[in-house]
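The same chain A turns up in both complexes below, where it pairs with chain B and then with chain C.
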Partner chain A sequence: MTDVMTRLEPGSRAASRGFSDLTIRNLFIIPTIAFLIIFNVFPLLYSLWTSFTDFRASTTAPANWVGLANYRELLNDPFIWRNFTITAKYVLISVTGQVVVGFGLAMLLNRQIPFKGLITTLLLLPMMLSMAVVGLFWKLLYDPSFGIINYFLGLGKFEWLADPQVALYAVALVDIWMWSPFVMLLSLAGLSAVPKHLYEAAEIDRAGPFYTFFRITLPLVAPILMIAIIFRTMEAFKTFDHAYILSSQPTTELIAIRLYKMAFLEWQTGLSSAFAYIVLIMVVAITNIYVKYLNKAKAR
Partner chain B sequence: MAEVKTKGEVVLNRVAIVAVVVALIVMLTPIYWIASTAFKPRSLATTVPPTVMFEPTLTPFAKLFTKRSQLRQPVEEDVYEAAPWWEKLIYDDGEQVVKNRKTGAITSSGYWDRYKNSLIVSIISTFLAVSMGTLTAYGFSRFKVKGEQDWLFFILSTRMLPPVVVAIPMFLMYRTVGLHDTHLGLIILYTAFNLSFAVWIMKGFVDEIPREYEEAALVDGYTRLQAFWKIVLPEALTGIAATAVFCFIIAWNEYAFALMMTSRNAQTAPPYIPSQVGSGLPDWSVIAAGAFLFLLPVAIFTFLLRNHLLRGMSFGAIRK
Partner chain C sequence: MARIELQNITKRYGGTRALKDLSLTVEDGEFFVLLGRTGAGKTTTLRVVAGLEKPDEGRVFIGDSDVTSWTAAERDVALVLQQYSLYPRLTVRGNLEFPLRPKVRNMNEDEIRRRVDRAAKTLQITHLLDRKVERLSGGEMQRVSIGRAIVRDPRVFLMDEPLSALDAKLREALRVELKKLHQDLGATFLFVTHDQVEAMSMGDKIGVLRSGRLVQVGTPSEIYERPHNTFVARSVGTPPMNLIEGRLDGESARLGSFVLPVSSPANSEQKVTFGVRPENIVIQSGAPAEARVFDIEDQGVIKILALDMGDTRLHATVPAGTHVNRDEVVRFGWKPERVLSFDPETGRNLAL
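Entry: the complex of A and B
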């Protein structure tokens, strides 16, 4: 019991009034843990079981145990690997774009600019709005005949979403638009934490702007930028909303979309559970890395 | 030498300001386009070249809430005169409101029901997640918990799963117990989703409240619960408010779970609005009107939250 106490002497009168600290701690923490176990862990155990069966939720036929057959089928399926390749490409394009645009915006905003606070908040707007609803309107913006993008860029009747070669870039561009503000926000925090005297010292030493950037700015912002990159990688890996709404091209079929179709349109419940487990393991791995960096940043 | 440098600085600063303005215009154009399309008559929504200057109208909003059909012949003068302003707008656009033949009651579109569902689900799940999250954050912040880091990681990891992965077993379970397409079903999912977020953010806020406050209260004769209720909660109020707004926005915007777990009764606005596009020629001004009303609360909240965005988006890890 004493190990529960933080600072108070365990024997003191103050600590023994009312509920004990141990009771309060349990009362406060256990419901949350229990809730998450019931509604997150338990379903996952259930789907672990279905992943070893040929269960189809659309029929009343009982599930048959098929062992590792689902996993074998998935890992040998060239189409699934194509979904993984598409997703990897998508993550690479959108995260790179977000880092370039977001960090660029942060560098621009990290100086004396009138209405800086207002401008920053306005720039953050895209990431706060619903990806599904705003994503939908990119259909209107991308429209080859009356879309404003083609009009203002003078691209004529350029097909953004109908051309299978371009569609993935078009979807990634929406993601870049939406989430560059996130990278900007974190980068701004990193930039404002760089001690001013370092720049003064660099100036005295007559360091050029490139030297200052690569030797002072970048290394000091790197930890926070890393958090932004890992977080966005994780989120981009899971992309579903706007990608599903914007394009039905096979070339934009990300993992989450394939999984959704497999589970809820084709009703291959057993197979999709196995697929979900493969995705789950990958996400947990990335999350692990993410949390390590978070704790590192916290410790500073 | 120094003067030359400041001149360079001035020029550089001007270039930066111009670049920021350009970026602002590019980033906000899509949002402006949604907002402006919501006030355009249908004929101006998809013109070539795009219509930038126009006289705003409320016709799309009148259409948004009603079921309509094409007018076969011009409406009679006296009927038109007797109609309320919003019905006149619909007549002006060559359409008429579908009415019940017997009672004459207007048929509403599904929009308001979906909006209401969004409100119910978001508000209740936010309340639950923030209340439980605050208590748990206090527990982790003030007491020693064995394997604290592991528990916190577990709590966070539940939020990192792709919705589809959780949705497959949840769908099967909900179907068995009859929670599919119910408010309660979505509320539970969103609470679970936001709970982990609330714990992480609130832990940061609670950590910042000096322990000495409560300890002084304990010495003064408060019980631990009283100290929590009377000292810690008022101190954490800003944090709780910010967390609540964040949770509300997350639940409000959620699309994937709502798509998979609801079909009609409990469907929220995010899956409903895109479903209105369908095939053929969608009426973009009506869809924009629906989107405008849906996005507006979040846009307002973003301004209220502006000082807490960094903390919220980084799960409480980075503070200013």
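Entry: the complex of A and C
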């Protein structure tokens, strides 16, 4: 099989120039491998090494091996745990919101309506914008004195971003606004893949709308919905741009923001590398749990 | 139980009319087969009866009620589709229970269990009850989908080519079972198929559909022996009826230079299309007509001969013991009382 696929046409230009199959294959693969090594593998390993040192990128002082001291310091730091708690809360609110809104929109769009294509495209717009830009204009929307949100809701000078209790919800709301379309898009693909004749059979069998939804629609869309949730959880975990721009409250300090401050404001390169590794392990662990559920949902 | 009546149904999809002024009655307890090619409107007819499509004109009756405006759920019919339409992620039992669970039925657990077990026993799928439907073979899936229809004791069974996705052997087995099921249940069956063998072997009555119109309704033997026109004549029988252009002259048929006898004489000479089934062509030395053997298909019990009479290709079924060779010139005649004559312009059967 592979034999047939990798063999060159005997009369082709590449063959006449004397390229072997192996050379051609390498020409395609080597640039990618090189790129991956330089930009992914090397930084990954280098940061793993710095996480065991007291390296500071801001000084010329040589890095000293400190063993697990960075990890020990981080895991014993109550402020770091607070960052994790905030992030967990943020991920929960934001992903739940996106799934509810996104799946709801998909259900609404999954029928014959006029201007369906146009409406879908318009709904997808938020996710095509730059996150930093989104952060900047939502800051204006949220503005207590001239923001349009307070104007429409009649909230006077309500402080969305300065109120420590509300700020995290305000940041999560922006994320929901921006990424619900993503969940909607995947759900829509899942919904349109449900065979129509199943709904007809259910109608003939006198099943009500809720019964049909929970017995037919949801089980069939679950795997693709799970993929959307995995993607959004991983992304939400490392949220930085709009959260950093929107609010500087301690109650909105997500791990990515803490990490940024640690690495580039305090220049604790070694410590922040260790922090990044802790985050990585957590994301991998959470993703694994999801993937297990996904496989289960598929196997059923 | 109930009879089904369609009155002057017209159904349009966009600009095309799928059904044109279709009227049809299926008597209570009858096994009615709708036969037609792809696009003839068979499935549309079925969906109109089921309530999945609303007709643009005409009325639908089930039993004594005018159900035209009723939804599919209200009509309480059972539908078996070609794609099985089993509910995924559920076991066979889950699928069989599905139509009994909705609240409108208000059925207790014992009754549900009793009905599921009875249906499973009828269809011999008791050993599969706890299996997920994804792990069934095609034949098993179709049994489950029939089972899902019978647990409800519906008034009417609608079947949309339920056997056509199965392999030949299984199809034959299920054909017999469906027929038996119909006898046991005594329910009204409306069965749609493009397979004439299925139609002939299963139907109490056959309705032949052509581009949204019902061409002929009758028992299988009526359809076979006395087709209203050449379309119906060619729709049933393998190989199909031979149609030969010729002239009817008194008591004889003129086919080119050959003269053959007929039993239905005409007063005046006229152009007709003669229709004769392959089994009514007789190979015999001294017979009035002559043809060259083009091909021989030996089916064991019989041989099917393809004969070239001038430009006309004919088929004849002869006993397997008949000795003929390819390219041999043979003499043949026909059974005069079995010859039909059709109008060469309209295709209408002249005897009717």
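Everything below uses one rule, namely that the second predicted complex is superposed on the first by the 264 of 300 C-alpha atoms of A that agree within 3 Å, B and C clash if a C-alpha of one lies under 4 Å from a C-alpha of the other, contacts with A are read in each partner's own complex, and residues count from 1 in each chain.
Assume a contact is a pair of C-beta atoms (placed from the backbone, for glycine too) under 8 Å apart; a residue touches a chain by one contact, two chains touch by 3 or more.
As the structure is a computational prediction, the values presented were derived from the model and not from experiment.
Enquirer: Determine, under the contact definition given at the top, whether A:122 touches first (chain B), second (chain C), both, or neither.
Expert: first
Enquirer: See if chain A has more residues touched by chain B or by chain C, and give me that chain.
Expert: Chain A has more residues touched by B than by the other partner.
Enquirer: Of the two partner chains, chain B (first) and chain C (second), which one does A:145 touch, if any: first, second, both, or neither?
Expert: The answer is first: A:145 touches chain B but not chain C.
Enquirer: After the superposition on A, what does A:219 contact: first (chain B), second (chain C), both or neither?
Expert: In the superposed model, A:219 contacts chain C only, not chain B.
Enquirer: Regarding the shared-chain residue A:198, is it in contact with chain B (first), chain C (second), both, or neither?
Expert: The second partner, chain C, only.
Enquirer: First (chain B), second (chain C), both or neither: which does A:206 touch?
Expert: second
Enquirer: Is A:35 contacted by the first partner chain B, the second partner chain C, both or neither?
Expert: first
Enquirer: Do chain B and chain C land on any of the same chain A residues, and which?
Expert: After superposing on chain A, no chain A residue contacts both chain B and chain C.
Enquirer: Please give the residue numbers of chain B that touch chain A in the complex, ascending.
Expert: 13, 16-17, 19-20, 23-24, 27-31, 33-34, 37, 46-50, 132-133, 135-136, 138-140, 142-145, 149, 151, 153-158, 160-173, 175, 188-189, 191-192, 195-196, 199, 211, 215, 218-219, 221, 223-226, 228, 249, 252-253, 255-256, 260, 269-271, 273-274, 277, 284, 287-288, 291, 294-295, 298-299, 301-303, 306, 309-310, 313-315, 317-318, 320
Enquirer: If you look only at chain A, which of its residues touch chain B in the complex?
Expert: It is residues 3-8, 14-15, 17-19, 21-22, 24-25, 27-29, 31-33, 35-36, 39-41, 43-44, 46-47, 50, 57, 105, 108-109, 111-114, 117, 119-134, 136-141, 143, 145-146, 148, 151, 177, 180-182, 185-186, 188-189, 224, 227, 231, 234, 237-238, 240-241, 245, 255-256, 259-260, 263-264, 269, 272-273, 276, 279-280, 283-284, 286-288, 290-291, 294-295, 297-298 of chain A that touch chain B.
Enquirer: For chain C, which residues are in contact with chain A within the complex?
Expert: Interface residues on chain C, with respect to chain A: 50, 52, 71-73, 76-79, 81, 83, 85, 87-90, 98-99, 101-105, 132, 148, 152.
Enquirer: Would you mind writing out the residues of chain A in touch with chain C in their complex?
Expert: Touching chain C: residues 195, 197-198, 200-208, 211, 215-216, 219-220, 300 of chain A.
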